[in-house]
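In the two complexes that follow, chain A is the common piece, with chain B as its partner first and chain C second.
Let's look at the complex of A and B:
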């Protein structure tokens, strides 16, 4: 499993990100994106540092972090697999694809395999509706998912 | 002249293996010692042919597709660099029926040019609109956009020129242009395609909007599910800035306009304009009550034009060729063209830009070629997760804002998702409620609570518990959500639910298990 950094280290790395982005108009989302990119999730210890720097309450920062689906409170697995579950993909059997993938990986949505290799998430549209069903593995897009491609994905995340 | 090979870098093409094709082409070029330039163009939108590789020959471009990495060696053997024949040979791309029949105004360059070459952009008519605009008064620009009849392509269909005029007429020390690129509706990908395939047209449209309204700063809010579009737009903004298209003297004129790309964080509701503004400000993406309109008090409380990607990307052609030229296309009060996105279970999926007036049936049957599975079409959903499900009986409905509204539907962002006869419309209705529950911003009660109750009611219906009572309940609930919600998320979720219920009543009265058993 990924080692989580100590709170003092989180605070100093967070402060550096804030310093870089604070001049933007409406800097909170860019800062949170920066933090998630740095740590792989948004650590609790980063929140008071942000609140202090932007002169807003910790509750406000907490409210924003928890509102958006993208921000994680825990590190994800080594791979992140997002499976589209929206209508266009439904019309091409994404429900069955999801069921199959869950059983192959032994996890459900929003879960990470015990060995930490992959986190499975639903996503509502990747804009690949002309090649449904689709998925995104670590930022790489995959269209027209079928059994062969599922096997490839599972092999890749387990390697 | 060294050969030019076009291999799309569009996400849809990448999802179908364009990167592996590019790698194979590079390897083959190296092995054969051929020097060639590989251009990563956008997609022309015929996704059933992607990855579609094109070569520039003495007789124009020749397309091949769909190309697999394993085809590459034989393509070279067949002399594809000079347009040689091969089993993947498609001929001139603009003669491919799916593309030849379109009216490409907004998407004229998409898939044709190098997305990040400003020279290529200019060679294909780019910046003509902005050149014209800098020589005009703001009021005249607004007049031209108003006269073109352009209406918001994000779904609401509000006249773009009127919105701009409100911002122009509101005095403030600072105004903003915000581009809504939070294209979250399933079945839509026009925004993604244009951002990846012709980013300068969006930049040009935003700059024109800025000059027309006195706004000096723009934001493009792109959803995080579109990392490729984000990357292309960021590079394009940088290139435009260096070339003086953006900055303190736009194209050498006294106008100043600059912009930033911002990335969303996975909240569907941020596609609603006021939630998007709150998100840009660094808040929870919650919907604001209107009034005040964003045109009066928008981003950071300043007058703000907030338009969809396609609305803004349609402005350059209007400023280049004139309001009358654009207005000449279309029907009724829906003027110009609309990029229809044909998606889901359909044989020929892709983007089809056409003048308003084309019917649903023409799109699904003639252009789309029916379902991919070969089974009969049961329903289409037009306009994303908040759009109505139409049965075949309504396929004569033309793409026109008013015609759709008259049939209790909405064009939305003009995505059309096709379902075959295996679709269970009760399940689709349940999903609409579930999606609303997941994505509700939580500010108003009908949406926040209504969607959850809706899922429960439909689950009881699926279990055949007092079905008539559940149908009455869900109808009443939809009525409350439609008229009581603050924005379109709660307000329009009843469209898919009620259309499914009204047009496919059999799916809502499940046969008891005992009867179905032999």
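Let's look at the complex of A and C:
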């Protein structure tokens, strides 16, 4: 998945996504989601295509993409692990969890392991405060993180 | 306007912080105990400023809607909790506002302290001028300390180490962007107030800037984090003007310091006629700042007006008069006296030898009204003939004819502000985003508010579709089919009953209308037939006609794509017919408006520059009119019209025309069929060029008189909305004489007893002799800023909208518009149609803009060609191509784009080495001789480099520009 497609391919696949979603009210965010789903990230080459199709400026698309941390500019690892670092989770020890996870994976936040298996990201509240500390692995939420669960997670992403 | 310096001789404009409210209802409140009455909807900030109380602010400025992000302009209101932002809080009846209190001061200081903690000021660095609005607010709130220190995360320091060169790079630091030739972007000084982003969106309408990232990472970005010069930025400078810090600042200000004095004057580029404050230090212009009180531009500008004034001090300017016997000789510098006496002697000799009508003059649309008036006076009074013409011949002469015939005045009907009430814009043969950018911004703003746009243009210009604006209809008609297309629109309006019968019966002649209606209703004028001819979908023609006729206030704006055709005058008449038939004339929001190409085309036409007209469009054959001038000038005037430019050149080739005085026009480069112009000039015995530079025409000149720029003279320009704007002297003429003085000296040398001591006296003479100008004087212009003619007893402060109660000529006249295809046709040898135009960063023949940093954006003319046509010819983007027509050939590089339709190619004419006018033919408008620049049948093929003509020409130009060294001359 870390192979980046050629820019002509990006343009054609982007155009297809735009075509499908252009009719929505406020189509920019859905299109960006669609592109991230398609490519695993939002390629820079897709932005002018979107701007042209929606008749807005490149600058505006850039402003929106960079505002949302969820849109990534590079392909992520095969798995994406988001660790909540917001207040409730911090009060339940998410700092220590983060430190441990970083050393287990050998990467920091916003980084991807060398083998491309996993990308680690901080997230600020998953709405799971009652089950703090919490995380999200590939879209699935995990509550009440502890050492055992961390081991399971690492084992799964490494497999 | 944003930087208020404490220097008295700078023209200060008050920044009210938020735009004025248009509401009628008035509201009274008190600010710091002072009562003030303002329209409902006004912000507290603006009301306070009107009461004389300035509230500190950073993110607010009155050219932009309020935003409420900087939290500095807070106030307290009796009876309300908290400290609302004065920029976003509207006034209320009886409101009691306090702008100063211990609490407010503490908050403001706290906010400023946070700003300063991430600003070079905290590091003790003076990165900018030290006199920005930001610096001023720091002082106003009395900030003396920065408790946060400089060790935290910041955007200021490139390295995080103690010793320079040994730390790690900080992630938030972004290096200065110096890519734009005119201004610098220093992200370290940015406070993310979004004023630049909003100026780019609201004022300019380009949307080239954004705030990237979020939170502390937020920073202004051009395009997708691109260098300014590579982004969508059009370098209008609105962002620089809006910036309250020095993050965006003119390079001249950073390099040379703040200006010391300023003079309000008028831009000398296009026909929009923007007002500027020329801000000067010593004798050098530091920057041109758009003047908010200017009624044409309301404080906005484009890249040319604001930044491209460097030509005024360019080393290529010729500052000494020069003469030579033969054009093959090198130039010899001489005294003014020698040059003028020599010229006068030559002109008199030629007239003695070849007759009274063997010499003539050409006035300039670049010079002031007063200067133009003097040149035509010189010809009529001094040369004793009517051989005077102007460069408007080659652009808008059909406008004068067409609108004169139908409405009775040779000018646009509206003021620019009228666009704010327009619902449907019909844009024909004009490319305003490139050629009239400041007005284009207003059109785009109106379109973003919901106005619809119809574009008739062979090319898909930017305004057809660009960020947040899109034309409802673009009819990409084949060049040369304007008349057929406009008649087809009329066909729909008439046959579908969309005309305004009440208006026509009241304002026009009903019988003439019926005659015209029966003509346009003929089947050969139907969209189905014309669509075939012009290669346009008939449904689009019908849709466009319905929208214009029934979409509310319909306004027509047109450019040289209308006039520069063999049927240019007919097209103008067809436009006038459309406006009359739909009742779209005589009130705000409607009308027929030519977008004039040059700063003073309107004025030069008004001033009697045409061989058949005295000032105010009065025919030379009128005894009463001639009598006015004959008694004033003490000569008998010739009652026969003189020669037009093409006739002068023909006569020269024939041997009956031998001498020419050309003020400020490069006829060799700008007039069609360059070879014919060259032959005409070469056949003359005394060509006098009065110009800033040794232009292309000067290659054939015997006398060169140095000209002065608009910065070096007093006078007036008249813009496309008939607005007479003041031009004021900013610096002394570098060559010693303003152009009007040079013409006067030449007149004196010819024995005429002229004795004007100031251009105001020339305007007084114009007012005394011309009814539509009778109320105009420099005193009036100084008092009210500008007026739109007619300005006389009936309308002492001018006429923004014309034909309000009836047409100037009485009844509006419908005239049949028979389509006659141009003789310039495509065929097997020349299968493509060439049309020509302009680009934003360059102006006309480029004599000025090529001598500025604007060449960054357009260093050569390119030939736009559709991918299909390119593929057929095996051309790739950037290839050298040979462009051939019946007249000649040239070479330039191809630009492959689908902006042009298949079968159409397009180029600009800004660079003399391209010589696009070698290609254009000598076909011209039937009524006015305006050349047919916009249609030439051509062939395009691959090429290895410059054509033989280009090489010969270059060599000839090089030879003829030689100036003998001083020793040799003495």
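The rule we apply is simple: the second predicted complex is superposed on the first by the 158 of 159 C-alpha atoms of A that agree within 3 Å, B and C clash if a C-alpha of one lies under 4 Å from a C-alpha of the other, contacts with A are read in each partner's own complex, and residues count from 1 in each chain.
What we mean here is this: contacts are C-beta pairs under 8 Å (C-beta built on N, C-alpha and C of every residue); 3 or more make two chains touch, one makes a residue touch a chain.
Since the model is a prediction, treat every value here as computed from it, not as a measurement.
K.L.:
So in the superposed three-chain picture, is A:11 touching just chain B, just chain C, both, or none of them (first/second/both/neither)?
P.N.:
In the superposition, A:11 touches no partner, neither chain B nor chain C.
K.L.:
Output check: A:154 vs chain B and chain C. Expected answer is one of first, second, both, neither. What do you get?
P.N.:
neither
K.L.:
Touching A:55 in the superposition: chain B (first), chain C (second), both, neither?
P.N.:
The second partner, chain C, only.
K.L.:
Considering only touches as defined above, state whether A:32 meets chain B (first), chain C (second), both or neither.
P.N.:
In the superposition, A:32 contacts chain B only.
K.L.:
For A:47, using the defined touch cut-off, is the partner it touches chain B, chain C, both, or neither? Pick first, second, both or neither.
P.N.:
It touches chain C, and chain B stays clear.
K.L.:
Given the touch rule stated above, what does A:63 touch, chain B (first), chain C (second), both, or neither?
P.N.:
Touch partners of A:63: chain B and chain C.
K.L.:
Between chain B and chain C, which makes contact with more of the residues in chain A?
P.N.:
Counting contacted residues of chain A, the larger count belongs to B.
K.L.:
Once the structures are superposed on A, label A:137 by its partner contacts, choosing first (chain B), second (chain C), both or neither.
P.N.:
Neither: A:137 stays clear of chain B and chain C.
K.L.:
So which positions on chain A get touched by both chain B and chain C?
P.N.:
On chain A, the residues that contact chain B in one structure and chain C in the other are 60, 63, 67, 69.
K.L.:
Spell out the part of chain A that touches chain B in their complex, as residue ranges.
P.N.:
Residue positions touching the partner: 24-30, 32-33, 54, 60, 63-64, 67-71, 82, 86-92, 123-132, 134, 136, 139-144.
K.L.:
Under the stated contact criterion, what part of chain A meets chain C in this complex?
P.N.:
Answer in residue numbers: 44, 47-48, 51, 55-63, 66-67, 69.
K.L.:
Can you name the residues of chain C that touch chain A in the complex?
P.N.:
206-214, 221-225, 231-232, 465-470
K.L.:
Would you pull the chain B residues touching chain A in the complex into a rising list?
P.N.:
The touching residues are 11-12, 14-16, 45, 47-48, 50, 183-189, 191-192, 217, 224-228, 260, 262-268, 279-286, 300, 341-345, 349-351, 372, 381, 384-385, 415, 417-420, 423, 428, 431, 435, 438-439, 441.
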